[in-house]
Structures are given as C-alpha cells and as structure tokens.
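Two complexes come next, and they have one chain in common, subunit A, joined by subunit B in the first and subunit C in the second.
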Partner chain A sequence: MLTSTYYAGQSFLHTTRPLFKVLALFLVCTLLFVFDTWFVLTPICLAVFGLYGIAGIPRSEILLALRPAFWMLLFIFIVQIYFESLQLASFVILRFVTMILAASLLTLTTKTSDLIAALEQFFNRFLPEHIAETISLAFSLCFRFIPLVRQTFDEVTEAQKARGHHKDWRALATPTIIRTLKSADEISQAIIARSVETSHLSAANERRDREHS
Partner chain B sequence: MAEVTIRNTVLMALFAAIMAVLGAFPNIPVPGIPAPITAQSLGVMLAGGILGARYGALSLILFLILVAAGLPLLSGARGGFAVFFGATAGFLFGWVIAAFVIGLLIEKFWNRLNYFSAFLACIIGGIIILYAIGIPWVAYAAKIPLGKAFWGSVAYIPGDLIKAAIASVVIVAVAKSYPIIQSK
Partner chain C sequence: MIKIENVGVSKENKTILAAISVTLTEPRIGIIGSNGSGKSTFAKLLNGLERATTGAVFVNDAPIGKNNKTALGKVGFVFQNPDNQIVFPIVVEDLAFGLKKSGLSKQQIQSRITTYLEQFGLRHLLERRTHELSGGEKQLIALIGVLLMEPEIIVLDEPTTLLDLRNRSILLKLLAELPQKLIIVSHDLALMAEMDRLLWIENGNIHQDGSPEAVISAYRQFAESES
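Right after this comes the complex of A and B.
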C-alpha cells in the first residue's frame, strides 16, 4: 500500500535539493496563473516535457501521471467547449496538464523519504526544537498507525459478521474508532513511560499532573 | 493549554492514518460525474468531530503533507504533488478548514451534543464550508462560471449527507463512551 512512484535516475533533477524543487514548482504554477496567456503557457509546457526527457522518464509514466485526472479534464473540456470556445477549452486543459506533469515530475524524481527528511530539516532550522521534534514524532507514528487501523477494522468486521451485522456502517465505524483511540492512548502511555518525550513535554505533563492532583 | 502533548500528537497521527485507511476503501463510481464518491470526506468529519478544531485540522495537515510527499493515500491510490494542482485541489485544502469548523461547532455544542447538533456541525463544516472553498477553486482554475461549477458539484451532495449522518452517529457515540474533547 505504501509505495511511492519514485523513478530512479542520475539526472540533475534527481540530485537537486527537494525543497528547491518544491519552491520551483510553486513558482512555475503561480506564473501560469498570473500570466494567463499562451505566450507563457507554451514555453513552460515545452520545458516540462523537455525536463521529462532530461530526467530519462519514459512516456508511459507521463500517461500514468495524467490518468487520475482524465475524467475531470474531459468533463471540463466538454463544459468549456459547450459554453465558451475550443480555444479557451484547450488553454485550460493544457494548463492543467502542464501543472500536473510538473508536479508529477517532482514526485517521480524525489524519494518520499528524502522529501520528508528535507521537510524535517526545514522545520528543525526554522521552528523551535520541541515543535520540530513533535512533528517528526507525528510522521513516524502515522506510518505505524496505518496498518493498526486497517487491522482493527478487519477484526471488527469479522466480529460483526459473526453477530450477523453485514455491511452495517454503524456497527463497524464506532467500534473501530473507539478501539483505535484506546490503542493510541496505550501508545502515548508507553512513549511517556519510556521517557522518550522531550523536556518541554514532560514539563507540560508534570504541570498538568499537578493541576489534576 | 497551549502546548502539544504526547497524547495529542499520537491522536493527530491516528486520524491521519484513519484518513489513509479510508482512502483505500473502494470508490463508488457514479456515471455522469467526473470524480468518484469516496469515503475520505467521512474521515474529515470524524477528525474534526472527535479531536476538536485544533487537532482535527492539524491531523489533516499532517495527512496532506504525507500525500504531497508522494504517498498514494488519497482515494484511488492518488498521491504526490500533482493532486494539489488539479481542478479539485480546493477540496483538499478545504478539508483542513472543514475539520476546523466541525471541531469548533462540536466543541460549542459539547454539553448538549446529540445526533441533530452533530449532524448540523458536519453539514455546515463538511458540506457548506467545504463546497464554499472547493467550488470557487474549480471555477477559477478551470475558468468555468461559478454557477456552472456549482451545478457540477450538486451530484455529490446526497453522498455527503449520508456521510454526515454516519459521522454524527460515530461522533456522538465516541463523545459518550470515549470523549477526547474536554468540556469547557
């Protein structure tokens, strides 16, 4: 389930720092909206296709990147032709295609782990230490929780089937949520018991304990 | 209490994971509308309604960061930066605000929370606010008049009403047996 669409390679696109690529992506897409003309769109679109060539990404990946958006784009295209003109319809669609391909290029040339590491580095530099550590903890916990939630849901489904509740949302959702909430609290207890928490967090907990006692 | 405790961090991560698991549920494709109906907007309502405004919104930001980082966690195994540049990106950013508003309303109704008030909170945050962000976004990005973009989204409202009903049942049940939001 947790597979990203990284496409290995050695091009400069693969080796550029992830945050720089993210910045460039936002800059390019902002340009596409600020200068809303063919004179800006056409060169950027060609440049994006050129970059796919430089990164050595095969054409099949381009189609794969566009596939999830296909029906939406077709719908917009038809609406635009019907109410406006073929020219406006093609402009809007080409702009979406360019943005989606530029964004997919970032995802294809950057490993998920590198992107998250870059983000954590960014937080470490610009946010107070305890907040940066909390964010890192949240990321790792999330990866741990995805299989846990899935497994809990499967167990609840089995149990409810045995009771004769088939595909009853209420019988599935509430027990799954409450059971995962309990697991989450056990995990927080375990983290606190092992003193993994940072100094400011233990200070906060001590203060809270004092208030409660 | 301004500080983020270990417990809140863990709960935020849990609801980001619940979003991911809901994304793996099969979509319900509806003929005639360009995007399928997904279970994920249920997760938005639950995050806000169970964790409250602040941590519900933060858990969705966490989820969206994981999606942006390239994990295919959105329904239909979509992920990566591309989803934030498509026509429906406004709905993704709108999730954060929607969860915040639902959380805010549930916190407000907390002492007399029932199915009706929870349902109302889910409709205001999860449908009205969410569409108020998502539809103008589509209209602007796709250069479609606002009215037409609105009619293109009407087909999703019945599904969202069902999700709001399910969410309100779960929110009230959790509030009774395992409350996370502190009463004020």
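Right after this comes the complex of A and C.
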C-alpha cells in the first residue's frame, strides 16, 4: 500500500471524497475478518478487481502493489498448508491479497495531499490542530520515504554482496539503519527550512536555544 | 546584506566554527573548504537551521535565530541530497508543501507552481512520482520548491555533487538567471570560479576571503601540500 501512489484518472473512485474511501476500506477489512467465509470474501474480492477496471488502473499496478508482500504471503501460504489445509491457506492468502489491493486502490485513486488533508480534517475534530498536523505529516513522510528506505536497503545489499557478505543480516541492517537515521536528520531540517515548522520541531529548536544560552 | 558578527558554533565541547565576523554584500558568494571544515554549518547559520553559540547573524538587518520564521522566509536553503528535501510522493504535492501556510488559495498555489515549472521547462513533471525522477530532475524540483517561496537569498549546499554533466549545466544556467543573492557551498572549483567573492573555510575559521582566482589558487596549493 505504502509504495503505490496516485494514478491519475477521472473515474468516480478518483472523485469520491478521500475520507469516505478510508472508511470504506476500514469497513471492507473489518468485514473480511469478522465474516470468515468464502460467501463474503468472494464478492468483495471480485468487487475490488472490478473497481480496478472501473478506475482504469492497469494490471501492472496490481502486480506492483502485491510484489512487496510476495515473500510474506508465500511464507504464510506454506505455513497454513503445513498446519491446516490447502483450502484454508488459499482462503487466508486471498483475504490478504484482497485487503492489500483494496488499500492500494485507495492510494492509487487519491492524491496523497488530498488524503493527508482529509486525515488532518478528521483528526482535527478531536485532537488539537498541531497534533493533527503532525500526524498527517507523518503519514505523508511514510508514503514518500518507504521507497527511499527500500532503495537504501538495495544499495547496501549490493555493496555487501560485492564485498562477499551474502547472508549477513547485521552487515545489511547496520548501514541501512545508520543511513536512514542520517537522512531523517536532514529531512527534519528540510521540513523546517521549507517554512512548515511544526510545533514539535519549534519545541526542539527552543530546547536547543536554551542549551546554548 | 548578510552580517555575521563574532559567530561561533560549538557542539559537545567541540568547536565547529570559531568566532567569525564577515559581511556579505556581493550577489554571488562561494564557500569552499575541506570536508568537516565547518562550511555546511556556516551555510545553515544563514537561515537559522544552525544556531550560533556566540555572536549573531543579521539578514538585511534582521537578526536570524530569534525569529526563525522570518529567517526561513528570507533565506531559502537547497540541501545537497534532494531525496531528503522532497517530502511528498508527487511533484505537484511537494511543490505545494511550503506554500500551504503562505495564505494563498488553492488556485493561486496551483497557478504559481505551474508558472514556475513552465518557466524552467519542467511542466511535464507536474504529476510525476518524486521517487521516479532522475537525480537532475530531483535537484531542479528541490530548487523550484525553494524558489516558489520567493526568498531574498538562496543558500545551496553542494548543488552539483550528485549531477551529471548535462544536469550540472542545466542547473548552472538556471542559477545564473536567478535575481536572488546566492550563497553556494561547493567543491566544484569551476563553479566557484564564477562567483563574485569566495570564502575558504578551514578548521572553523575563514582561512581566506577574496576574489575567486586568488582563493582558488591558494586552496589548490594547500590541497597539494597536504596530499
């Protein structure tokens, strides 16, 4: 879900209010978990695929949405077959696929800025403005930086492979985490520099000022 | 005009910048120096991203640091790595980010973004995903994100480091046409040679300050003697 972003279009899905789509997604996922039967899963799954067609989203985007979860789904599938049955394994996987595709449909048909604005509006109803703003900014950063963290991980993997470390998770995780943290530092400075200083960043600056004085 | 009065920066008992005093009036000012010499810290002082431990920084007579928002409005900052500056997944959303709190309406924001992108021949990037842009495109979008805020001064930290030759020349052409005062931190001596004035920062001090020819020549001699 987090790696897919807006796919421009004019369908009713593109024009539906973002908050309504978030609530629909929440409802669909709840239904899928509460009603544990093929009678609920099958029509919802078909409906999700149908909506991809209506929104004019190509099949390649469906595959892109599922690709990051492929290994995890495969693992769950094998474990379910081993402990339960092929039928249950298929059911569990189809349920996950339906939920991932439904979530991707939300991000593919909603501009991130519209989604963030809707979330901010929603949180504003029961949270102070600066907290709602911070939460929505955090969502936005997730959408933007998950692909970047993945790119960092790929670069580190290649560098470690070149040095002969093929399966050393410590050698992969340490530089990835350090590079990500260093980026996070500069990202927070960039957010301040772009005049969108959120209150918690202001507080951090004030703290720094007090320490210096 | 930028006035730096006796400014020092220390972190964890380590002096990053010693007490520096300098007045910057020229339209194009370059800053060079070895890695870790304090030049990025110096650049970040100019818009309040770094706070001076001692002394004060003034931009057009307004003190920087006491009122961060004023500084940020006057001085735009372009970071070395555009990936860390672009915070939204779609170009148009990212460019709108800084403008949202400017009091402009949605239509005015959209119109300003379109005008700037058209001005630089980048209208086709409007709806593109930011993580799919090339390095050069990202650097240009990061710069336009700053230009949209219409700052009086723009500070650029190593703007050409990640660019290929073609994108470097596009960026330099664009920078040459900007009306704003530019302060550029760089190791790119060909770019630095084009400046009106050059500061060489070494070990937290201004080692040399003058014309690009004189400073670059001394810097080259220093680098050769150190290697």
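The working rule: the second predicted complex is superposed on the first by the 118 of 213 C-alpha atoms of A that agree within 3 Å, B and C clash if a C-alpha of one lies under 4 Å from a C-alpha of the other, contacts with A are read in each partner's own complex, and residues count from 1 in each chain.
Keep in mind that, in the parts below, a contact is a pair of C-beta atoms (placed from the backbone, for glycine too) under 8 Å apart; a residue touches a chain by one contact, two chains touch by 3 or more.
Predicted model, so just to flag it, every value in this text is computed and none were measured.
Visitor: Touching A:L25 in the superposition: subunit B (first), subunit C (second), both, neither?
Guide: A:L25 sits against subunit B, while subunit C stays out of touch.
Visitor: If we overlay the two complexes on their shared chain A, which of subunit B and subunit C does A:F96 touch? Say first, second, both or neither.
Guide: Only subunit B; A:F96 stays clear of subunit C.
Visitor: On subunit A, which partner's contacts cover more residues, subunit B's or subunit C's?
Guide: Here the partner covering more residues of subunit A is B.
Visitor: Once chain A of both complexes is superposed, is A:I177 in touch with subunit B (first), subunit C (second), both, or neither?
Guide: It touches subunit B, and subunit C stays clear.
Visitor: State whether A:R194 touches subunit B only (first), subunit C only (second), both chains, or neither.
Guide: A:R194 contacts subunit C only, not subunit B.
Visitor: For A:H165, using the defined touch cut-off, is the partner it touches subunit B, subunit C, both, or neither? Pick first, second, both or neither.
Guide: A:H165 contacts neither subunit B nor subunit C.
Visitor: Check whether A:L141 is in contact with subunit B, with subunit C, with both or with neither, and answer first, second, both or neither.
Guide: both
Visitor: Have a look at where A:T112 lands relative to subunit B and subunit C in the superposition and call it first, second, both or neither.
Guide: The answer is both, since A:T112 touches subunit B and subunit C.
Visitor: Mind working out whether A:A8 is in touch with subunit B, subunit C, both or neither, as first, second, both or neither?
Guide: second
Visitor: Does any part of subunit A touch subunit B in one structure and subunit C in the other, and if so which residues?
Guide: 5-6, 111-112, 141, 144, 148, 187, 191-192, 197, 205, 208
Visitor: Could you please specify the touching residues of subunit C with respect to subunit A in the complex?
Guide: So the residues of subunit C in touch with subunit A come to 44, 47, 49, 51-53, 65, 68-69, 72-73, 76-77, 79, 81, 83-90, 93, 96-98, 100-102, 127, 129-131, 145-146, 149.
Visitor: Note which residues of subunit A are touching subunit B in the complex, please.
Guide: These residues of subunit A touch subunit B: 1-6, 22, 25, 29, 65, 68-69, 71-76, 79-80, 83-84, 88, 92, 96, 99-104, 106-107, 110-112, 115-116, 119, 131, 134, 137-139, 141-142, 144-146, 148-150, 153, 169-170, 173-174, 177-178, 180-182, 184-185, 187-188, 191-192, 197, 200-201, 204-205, 208.
Visitor: Please name which positions on subunit A make contact with subunit C in the complex.
Guide: Residues 5-6, 8, 111-113, 140-141, 143-144, 147-148, 151, 183, 186-187, 189-197, 202, 205, 208-209, 212.
Visitor: Please give the residue numbers of subunit B that touch subunit A in the complex, ascending.
Guide: It is residues 1, 3-7, 9-14, 16-18, 20-21, 24, 34-35, 42, 46, 50, 62-63, 65-66, 68-72, 76, 78-88, 141-145, 148, 152, 166, 169-170, 173-174, 177-178, 180 of subunit B that touch subunit A.
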